[in-house]
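I've put the structures underneath this note.
There are two complexes below, and they share chain A, which is joined by chain B in the first and by chain C in the second.
Coming up: the complex of A and B.
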């Protein structure tokens, strides 16, 4: 291993395959290493327990378990986790609720690469 | 507003420093000036009183000596001795008393009251006093016989005169001895006195000079303290001035800024400082101490308020990244409604922005800025409307370009006639319910026909407007009681349609002018010596107007209609038309109207979805056959047939019962013919969802009306899963025409 090891593990949760790949390919933060992606809340909780990520991008509308409930579960599992909700802004009340349950920030779909990386940088903040 | 924490801590440190300096100055003053000064003053006062004491008693030595000398003189001269003896006794006692008190002088404590002789306790003075005491004690022994003498020292006789008696002689001897001793003792005692007074004076002088030094130091210290106090006062004043200045500036900012600005504490209560504009924006004065929720209550919908409060609360959580939640601020651009006292309401658009204000590491407040963005929103809406209008014009233009010119011109003519008809129906006087209903039905048919044709040639803008008009008419149909006032909104709709048709005509005019220009410029080079490119003469002409074979335009229109309706409904259908050329002009319009409805019905209801057709072993693309046959004196027969699923008797009955057209019991008695007749009743449709193309339950009814108005007959035959066929017989031309035009 060289010296530039990714120090933070990242998980992508979205029911759209296209969006998952898009986020994985577009994120250019050196410190982040994508350790897995899930297409619904139940899968996400399972994967989270196995891979113990530090950063999660989370869609809100998903089958099985929606993003809001998933946010709550992940924060309960690991209070220090950083969660960026990545969703279409259909209803601000839902987005605010996700923040209330413990998500740290919101990125509106559709997004540009620059917006995604800017949001991730902001999310990592001092870390 | 609070000053930043840094300066606050600085001010605290400075205040502490000030207090330390003041205490230090006081201690220094006490230690260096006050206590020594007090002690010196005390010593000085002691010296003075001792000096006074000693000076007053010094003269006793002289008095003793004088008394002894006088006594001797008196003894010698036989004088009266009692007086000098008294004098000696008095002086002796005085001197004894003085020496006793002087020798008894002792050092005293700080809080004891000093006596007159306290200053004499000084060791240097003490030596002189001791010497004085010793000398006086020694000399006093010589005076003792003198003092002890009482009586008369003389004999008094006539003969011998006055002689000393034996006691007198003893006294005289003692006096002589005392006088002799006095010559030694008195000057020594005087010298002792002088030494004492000298020492006291010296001590006093020293005390005085030391006191003045202390005074000087005190003066300097006092001056320093005063100047320090002045400096402090000046600094404080300057600081206060700076604070006042800052406050004044803040007030000015608050008074002039256009935005509402206030702080929310952790309980989301508004702070006491806020900009003047805040009051204007919210039209209230009682902002200080008001909760944010109270402020918004009634201004925004309940749900927005709820979300806004949640949003404001999550901003206090350190988990929330301030910059990553700006996009979900529910008050980012919010419509607020103010209820005025007069009962009216005004609407404004406000933009709320939230910022965290930190004190050190903690969030201390939320700074909320509010601005009125009504103008911006209005501008954006205006822009959007104008963009939409432009887009609509472009769409219309593009549609026009796609439409076959002959169709378009016939549509414009027909629709104009139809609209005029609607206009005259609207103007027709009517009083009774039945007359109103008839008017609605008549208008409905006209508008429905316009809609159908517009759809057929792809003029969506016209189709949408006609659809809107139809919706209004439909609402009137369903109304229990109709009055003349119910028709008023229709006038607006009609006007809109007229205007729109007019704008299409204008666009067409511009297009033909454009064509003119294109043609002319195209020919100009051809007229010249060197044509730039080979242009086919008259090539432009065919693009706009080209005479079509009779009936060809109908065929094209119906094919496009079937294609479009099929596309929108996930079906495929093609139209085959035959014999249209045989139609006389008088029937063109009515056949077209019937065919448009019939084709649409066939695609919507008859033709199955491609998969269903495939499953049934049919070609996925349905076929609608239209045939016109000239039957001579019998008139014309129009056959419209589709190879779809056919008509299901039970479905028709069920739908009719559900619509309340017939009762269930009634329907049970119906034969197949009567069931089919239900199809043509007003308000019948089996399609569940209302769309532009079907569901109004008017299609078949319209066909039946058109046929009736032309004096024709209509029949239907069907085979489930195979076909539905409508056969329409129209009378020979001479009998037709006028009745249809009148409708």
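Coming up: the complex of A and C.
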């Protein structure tokens, strides 16, 4: 063991360009490397197959394919992927459904940089 | 029937968005009722269709000047037309989505439909709307709630 922590690849999925750019700019976790972003679930599945990320931030309300369905598709492709849902949908039932479909964490919009990084740290846990 | 008491949900949501995204608090003026179906818009409006337990629309409308400063406060350097439209839609989406904390999962929201410089305003599904005036820095915007 040389003490170095392996870099984890991260993909950002949100239909808002501003939010995608904000998550990329605001995340301060050294071992996360953003490998791409997608604006809907269909694009996300394609990008996921090409880039094989370890970590995904996932919006829920999106055109083409919504985030809940996308979570299921990504988990089927790679069961070890860590998915942080980042959504404005603030009801508990939606958060529970996202977790049941395979997400690992939930961050409600609007969020501060600190909240985003806290949620990502919690998501990574011991990895 | 949408109750006036439920306006608090949307007022709190609007204040939370401004405070969280910009670290600068907004204030709201006295909400008022419009009964002729035309609450008016600024240059951009992000419209969310509501279905499920409630039917209607919620829209956030703001002038270019406010959206430009909002983007800058969010450390966003790209103040293009595309990002103006994106932001007004995202604010509408966030306020509407947050309303599910109180109204539950049956309050179903669409993806944002953004209109800019709408000549005839936003098409209203009902004649009765509540307008929540929002003031932030020197700028004014409106949140319009038109629900059965």
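Everything that follows uses one rule, which is that the second predicted complex is superposed on the first by the 119 of 127 C-alpha atoms of A that agree within 3 Å, B and C clash if a C-alpha of one lies under 4 Å from a C-alpha of the other, contacts with A are read in each partner's own complex, and residues count from 1 in each chain.
The criterion applied here is as follows: a residue touches a chain if its C-beta (ideal position, glycine included) is under 8 Å from a C-beta of that chain, and two chains touch if they have at least 3 such contacts.
The structure presented is a predicted model; accordingly, all values stated were derived computationally and were not measured.
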item	value
Touching partner for A:62 - first (chain B), second (chain C), both, neither	second
Touched partner set for A:125, first chain B, second chain C, both or neither	first
Contacts of A:84 with chain B and chain C, given as first, second, both or neither	first
Touched partner set for A:16, first chain B, second chain C, both or neither	second
First (chain B), second (chain C), both or neither touched by A:24	neither
Which superposed partner A:95 touches (first chain B, second chain C, both, neither)	first
Which of chain B and chain C A:106 touches, first, second, both or neither	first
Chain C-contacting residues of chain A that also contact chain B	89, 93, 108
Chain C - residues contacting chain A, complex	16-17, 20-21, 71, 74-76, 78, 82-83, 86-87, 89-90, 93-101, 103-105, 107, 109-111
Chain A-touching residues of chain B, taken from the complex the two chains share	303, 306-307, 310-311, 313-314, 319-321, 323-325, 327-330
In the complex with chain B, residue positions of chain A that touch it	84, 89, 92-93, 95-97, 99-100, 102, 104-108, 119, 122-123, 125
Complex interface listing, chain A residues touching chain C	15-19, 21-22, 25, 61-63, 87-91, 93-94, 108-112
